[in-house]
Each structure stands twice: as C-alpha cells, then as structure tokens.
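One chain, chain A, links the two complexes that follow: it is found with chain B in the first and with chain C in the second.
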Partner chain A sequence: MNRLKERYLRLDALPTLFCPGCGNGIVQYAAIAAIDKMGIRNDIACVSGIGCSSWIPCYLNLDVMHTTHGRALAFAQGLKLARPEKQVLVFTGDGDCLAIGGNHLLHACKRNIDLTVVMVNNHIYAMTGGQKSPATPKGVITKTSPGGNYEEPIDGAQLVICMGATYVARWTTAHPVQLQKSIEAGIKHKGFSFIEVISQCPTQSGVSIYGVKDPAYIMKFFKENSYIYKEGMDEPKNKIQCGVLKHDNDQPEYIDRMEARFK
Partner chain B sequence: MEIHINGPRPQNGRKVILQGNEACAKGAIYAGCRFFAGYPITPSTEIIELMSSEIVNVGGTFIQMEDEIASACAAVGARWGGKRAMTATSGPGFTLMQETIGFAAVTETPVVIVNVQRGGPSTGQPTMSSQQDIYQVKYGSHGDYEIIALTPSSAQEMYDFTIRAFELSEKFRTPVILLADEAVGHLREKVVIYDGERKIRGGHRNYVVSPQEDFYMGNNSLVEGQLHDEEGKRIGHLAPKSSDFINSINRKITNHIDEIHDIETYLMEDADIAILAYGSVARPALNAVKTAKGIREEAEEKWKKLRFLKGLLKSKALHENPYSHLNVGLIKVNAVWPFPDNEIRRLAEKCKYVFVPEMNIGKYYKEVERCLHHSKVISLPKIGGEIHKPTEILDAIAKEVEESE
Partner chain C sequence: MKISIDTACCKGCGICINICPKQVYARSKIRNRYGTAMPEPIKENECIGCKLCERLCPDGAINVEE
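Now for the complex of A and B:
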C-alpha cells in the first residue's frame, strides 16, 4: 500500500467513480506526489469544474472546491486573489477548459495570474457518454459526430502559449514521473502554468480514437508515438509533442503587477 | 421612516451627498467587503467604478473579470479564501450569474450580489428603470432553493441594505441579492455614512449542512456543487439524504422569516386601503398616501412661510384634495424574499383593498393575492421605464373604489 494513500485520500469517499483503466488515477497520483514532495499540503487548495477529470481532487484530503461546468478558473482566480500567498491547483478537462470555460482560460492566461492548471485531455466528453469535444481529432466517430468529426481540434497548449501563459507543458499518462515534475515546476513557477495531460478513456474514446479499448495498449501507443520537445529540434510529424513547451520567468505576474501599481 | 441597520446606529455618522450606486459601494466597504469582482453594465457601472479605487484603499482586492459569470464565480471563490465578497450587475448580467447563485446556494456560501434593475427582456432598456427581475431573483437558478432579496428605495437604503445584505448572508450562509433599480441607483441624496468597518458576526451555524471553514485553515473543506453531507461528500445518488439536504437549505431561510422580514408602514393603523410597494415605487406610493391625507411635504411647508404663496397653496392643496375620501396607508416591503406571509396578513387583514404598484407587468401582487384571503388585491403595473406618479396611483385607487361601490 502506498504511504501517500492514508495521508492524502479521503478513504471514506472511495471507491472513485473512475472506470477501470482510466488515466485520472495517474494524474491524481502525480499531483499528490508533487504536493507531498514540496511539503505544501496546508498551503494549497484545489479547484475543479465538471467532468471526469474534475473529480480528481474530490478524493483528496485537501481544501477542495468542485464547482460548475467550465468555471473552475474563475473561482480559482477569486480564491487566489483573496489569498495571494497560497497556491491554487486547478483540475479541468478538454471540454471543461476549452469549450464552456474557453473565455475564462484566455483571460486567466493573459493576466498571467499565478495558478497551476492541469488539463486532462481525453479528447471526448466522457462523463456524459462519449460526445465530441473541442479536442476530438478530425474524423473520429463519437455519439455526436456519427459520420466522423469534421471540425478542427483545438490544441490547448498552443492556445495558452499564444495567450500569454508563462509555463506550458504537455505529457501523456505514459509519462507519470515527468508529469509529477511538471506539476511541481508549475506550482513553483510564479505565473500562469498550464499542464496538458493526454489521457486514455478506454470506455468512451478508446475504440473510436485508438481502435482498441485496452488501456495498456493505448498507453503503449502514447509512449511510442510521442517525442519530448527540445528547442530547435527537428520535430517528427504525426506524433504527440510532449515536454516543457514554454517556461518564461521574465513576465510579471498579475498580483505582483497589481501591487506594484498601487504602491 | 428610518430603520434598516440591525442594532443601534453608530454615532460617528457623516452626512454626504451620494448617488444610490455610490452609497452601495460605500456601504459594502463599511460592511467589511474586501473583494469585488465585476463587469461594467448600465445602470450599475458606478458601483464597479467606485469599488475599483475604494476597496484598494482599505487593503481589499478589485478585479474586472471577463464577464458576469466569472465575476460571480470569483466572488464565491474569494469568500472561501476568507474575504467578504460582492459583485454588482444589471438584468442581462444577473441572468448570467444565475448559475453561480445556485452554486452559492447549494454550497452555502455567503456572498452579496447587487442587481440594479433595468428594463428587459434581453438588452431591453439599458438606461431605464424597472422591477421586472422580481421573479428572476427568486426563481432564476434551477432547482429548489430559497433566496433573500432586499429592495432599497433611497440612497440611504442603498447604503443600509448593502450592510444588511452582508449581515444576512453571513448569518444564514446564503447568497443575498440587493435588488435595486435604475431610479434608486442613479438618485443623488443625502446619505449618512460611517467610517471604519462594521463588525459582522460570522461563525459556525447549526442550521447549515455544508462545510463552513474557510480554505487554508487546515480543515480540508470540500466545497461541492452536488448535494452533499456535512463533510462535503456527494449524496446526490441517495434519494432520502438528498431530500433532507434540499429541505435544510430551504428551511434555514423559511424558518427564519421573522428575523429576515423588514416592513415599514405609514398610516396603516386605521387604513382600509393599503398600498403595498417595494423599491423605488415605494416613494410615489408614500407621496400618494400623504397627498390623500392632505399631509404636505416638508418642502411645501417651507414654501408656506413665504406669504405671497400662502393663498395659492391654500386653494391648491387644502381645498381641492380630490382624494380626501380615500383612507389609504402604505406597506413598504424592504425584504421582498422570502415573502413575509404572516406579517402582511397581520398588517392588511382589515383592509378592503390592497393596491400593488410595481414597475413590471404585475408580478409581486400575485404573491400578495395568494397570501390575503379577505382583501381585494389589485395590481397597478407600469412598464416602459417610468416610475409611477403619485396621482396615477391615487386615480387608479379612486376609480376602483368608485366602481365597486
């Protein structure tokens, strides 16, 4: 039994409502491990929206706010502004963050407010039973794209880079150690940190995206079809770009700017 | 007619001239509001404008959010960070906030939301007054919840009721709506304001189910938008527990109507016709009662002293009062929701008629009608953005009384 389980999980809330083979457990562990390693348990609160990924913090023995669909970032900004010296970790999904919460994401990025966002991207609306999301790849058949998705997907990480986020990373559930390190780096970073995690949803998007339901196979696919981005490298095509995509320590953070203005 | 703040008024008041919206911002600061998130919208914009400087001066935080949805969310988030929080908006923005009002109701978060009403539907009449949101304020968000809404009718009441809104929201751990309107928001009047910060009692309430400890206190509070138990764990899949929860968040308000309701009366002791009004319409309603009773306004009394006007006034005001046969009184409802059934029944039981003037198509009178069984309740709606004239109210009353006699 992992030593962190007793310390960080609300044991009476278990079992989780995640399906067998879901990637959320990996993300949950990475977050717990990062918080434990940094020793900031009493200085961090979690905020999440609606969707499978937004249930990740609800099982954690921390201050947690499980809010309305898409609004996690708006609640988190209020919380952060009320207690600037404390940390806020936001869990969200591709639908929650890029569709209904898209506007809040853009504005949180441009403010460069000191939040850490973990966006679990399973490319689908899984909790409602498998409808297309803004991140669903082209051609994929879902419950609401029976003839194959004909919309261009949104690349969340590239979007937040454009909008002024200052720490941006992307990993898959096949990179748990790197993910944990990125969450640590994101929390330490003073500014808006965005970590996208490409995750498997064996139940809803396994067959339609990867051709199989088997989570082990999908994670192997992630491992084999991804590369770790380094600046100036020759980037392979049709592979998942992973790694730290942007890390800019020079941009002033929102609350710092605000305080400087009023002093 | 003056009440409003619970307990004695402090002694250090200063008299200033303020617009209703400005008075609201000043009241919030005095009530200890230290977080304001907002989005500009006519006719509430003066509140966000004044807050952007005032709240910073007292060490609070101001943020202009990307929309009203985010503004309401940020206010709720900040309250869990331990800061008393408020946002202000008008009709269309208030509609956007409904989602978060429901969230605040279910998570039992104290937060104050100001709605300076304008004419609707949709973009409607941005610069004109209305009371069309009287139902939206109660029924706007989905699901069963109770709300507290206060309706100021003067700049002083904008100040006082804002303070009371914070007191009630902390006491019952619920969102409280200050339901103002354009007329009162843009009215400039003398207001008595106070320096410093009012002590508002927070603390644990036994009639509240949800976790109540602020974040970062080591309590591991779980704030959950699903129906939940004392620890915040979801119970939405369990019917009996869910039913208890819904009852609890409703009854904590309906069981305390005696503490929440706020009604002022004027000459109701032996009146057989009552005018029941709320918000800015209470002003012409009061004037109507004074006119019918031949009670001249203070200003008019001053004019009387000018001898050359004496004859003119005598002929106009004293000898030609066409409403002197109407034995009217005023019931002014300051806390429109929860509806004070018992109190209104007690006050109006002897009245043959109850007239309800309101700046909408006729909404609140339905509640009054439901509550009063022996009086004839008559709606006096006025839409289009203009407030009732006292004589309009009196003419309607005179006509109705004449017809039915």
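Now for the complex of A and C:
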C-alpha cells in the first residue's frame, strides 16, 4: 500500500468523496508529503471550511477542525492564539476563501498571523453544483452565469500580496513537487503564508472552462499554459503565473507583536 | 520496479495512464470497487521509477517499489 496513505489517512473513511480525477486528492498528497518530510505530525493542526476542497484534511489522521462555510480562517486564528505552539494549516476553496470568507482573509493577511493557507482554486462553487465563484474567469458559463460570466475574477494571490501576506506562492495540480516544497516553506515561514493551487474540477467546471472533462487533459493544459515567475522577467500574457510570488522575512508576526506590547 | 494498484481506492480517472512518460499503463477491463475501468501496468519493466503516477494519483491508489 502507498506509504503516505498508510501513515496519514484514516483508512476506514476511504475512498474519499472526491470525484474521479479531482485535484483535491493531489493537493492532499502534496500536503501529507510535506508534513512527512518535515516530521511534524504531532505539531500540526489542520482547519478547513465548507466545500469539496475543505474535505481534504478530514481524511487525515491528524488534529483536524472542519468548521463552517467561510470561517476557516476565523477558527484558525483563534486556534493559533490559544495554542501558539501548533503549526496551523488551513485548507480552503476559492468560494470559501474569497467569497464568504473574504473579509477574514483580508484581516488575517493584515495581521500577518502565523498560519499557512492552501487555497484550492477550481474557479467554481463545486460542492453546491457549479455556481459562479469570485475566481470564475470571464466568459465562463456556470449555473448562475448562463450567459457567460461578465465580471473580472479576483486574483487571490495578488490580493493577499497587497494585504500584507508575507509568503505567497501559486502552483497548479500539475506541479506536485513544487507545491509540496511551497507548503513546507509556508509552514516554516513565520507569518501569514498563502499558497494558491489552480486545480481541476472535472465534474463542475471541466467542460465550461476547458471544454473537456478529462482530468489528465486539464493537467496537461496547466503544464503547457503556465510559467514560473522570476523577478524582473518578461511575463507572458494569458498564462497562469506560478512560482513563489513573495517571501518577506522582515515583517513582525502578530503574536510576537502582541507579546512585545504586553510584556 | 513493482507497481501495485489498490482496487478499493482507484476511481479510474486515467491520470496515470496519460501522465506516465514511458506509457507504462493501459486501461484494462478490470473494474475497481468504484465501478470504473482500472489502469493496468502493461509495461512494468519499462518503468524508470520517477513516481509521477504515485504523486499525481488523487486517491493514493498507486505504489511503485524498487
């Protein structure tokens, strides 16, 4: 049996509820590979909201809190303040994090509180049947935009950079090794870390965004239509920007700041 | 290389079949417990052990061993 699965998953709860080829499973294995490599199984606590992507930690044999829609970051900040010795890893979706949970995201960023957030961006509200999310690209037909979405999507990674997050990276499900490394770096980083993963939802957004349902085709599309960002480079247009977008070690962390103030 | 696929967890999504740089896998007639057609490592001896299929399997159904 797969070594990571045996060690970290609740075998009695398998198979997962994810559809065949869903990107959530790939993110799940990248995260447990990172936890395994760092050997921090007893120091980690996972928090998630509601959505397909928020089911990622629920299968893990670790401390996990599955909370309410949009409030993963509120619960995670509370947990971090109560148990600052824990490394808190948050799994959230584009709807959970940018729509209903948008305000919590802004404030967690501005506090630079030591959390690591993995946002699975499948450009849709998948669990509820494929409604438009704030990250749905322009022109895409969804259940709630039958004539094609005419709004500009929110770029989660750029938003958190503006709001003061101090480690920001973006990868796709076709970059599993880099994703694992970024999750490790995010956990090690003292401050707010945000890792966006562009992921496939073959069931709800496969056809409307990529024209096909085949997960392997969508992942090939990710690989061919993305580039790795380096500072000062000429950035190609209409491609997915991947890479570590910000890494700033000089900003004070929230709990450190609070302790300095009230010592 | 020894490749094993877990019938209880495989959902037959076909990612491994398409992603393998050596085309080790092919779709077989065997059904997994999910009810879909499973991949079969037909060219196991050509496997180079990159373990890309293991990493990219969303269900942790693949195990590649030396």
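Following the convention adopted for this analysis, the second predicted complex is superposed on the first by the 263 of 263 C-alpha atoms of A that agree within 3 Å, B and C clash if a C-alpha of one lies under 4 Å from a C-alpha of the other, contacts with A are read in each partner's own complex, and residues count from 1 in each chain.
As a convention for this text, contacts are C-beta pairs under 8 Å (C-beta built on N, C-alpha and C of every residue); 3 or more make two chains touch, one makes a residue touch a chain.
Please read all numbers here as calculations on a predicted model, not as lab measurements.
Novice: Just checking: does A:221 make contact with chain B only, chain C only, both, or neither of them? Give me first, second, both or neither.
Specialist: neither
Novice: If we overlay the two complexes on their shared chain A, which of chain B and chain C does A:107 touch? Say first, second, both or neither.
Specialist: first
Novice: Could you say whether A:210 touches chain B, chain C, both of them, or neither, answering first, second, both or neither?
Specialist: neither
Novice: With both complexes overlaid on chain A, does A:167 touch chain B (first), chain C (second), both or neither?
Specialist: After superposition on chain A, A:167 lies in contact with neither partner.
Novice: Could you say whether A:76 touches chain B, chain C, both of them, or neither, answering first, second, both or neither?
Specialist: After superposition on chain A, A:76 lies in contact with chain B alone.
Novice: A:262 contacts which: chain B (first), chain C (second), both, neither?
Specialist: The answer is first: A:262 touches chain B but not chain C.
Novice: Quick check for you: in the superposed arrangement, does A:24 touch first (chain B), second (chain C), both or neither?
Specialist: After superposing on A, A:24 lies in contact with chain C but is clear of chain B.
Novice: Going by the contact rule set out at the top, does A:125 touch chain B (first), chain C (second), both, or neither?
Specialist: Neither chain B nor chain C is touched by A:125.
Novice: Share the list of chain A residues that count as touching for chain B in one structure and for chain C in the other.
Specialist: Chain A residues touching both partners: none found.
Novice: Touching residues of chain A toward chain B in the complex: what are they?
Specialist: Its residues touching chain B are 10, 12-13, 42-43, 45, 47, 50, 58, 61-68, 71, 74-83, 86, 103-104, 106-107, 258, 262.
Novice: Flag every residue of chain C that touches chain A in the complex, lowest number first.
Specialist: 6, 8-9, 11-15, 17-19, 33-34, 36, 54-63
Novice: Under the definition above, what is the set of chain A residues touching chain C in their complex?
Specialist: Chain A residues touching chain C: 1-5, 9, 14-16, 18-26, 28-30, 33, 173, 176-177, 202, 214-217, 219-220.
Novice: Which residues of chain B touch chain A in the complex?
Specialist: Interface residues on the chain B side: 35, 37, 56, 61, 63, 65-67, 69-71, 73-83, 85, 99-100, 103, 215-216, 218-226, 231-234.
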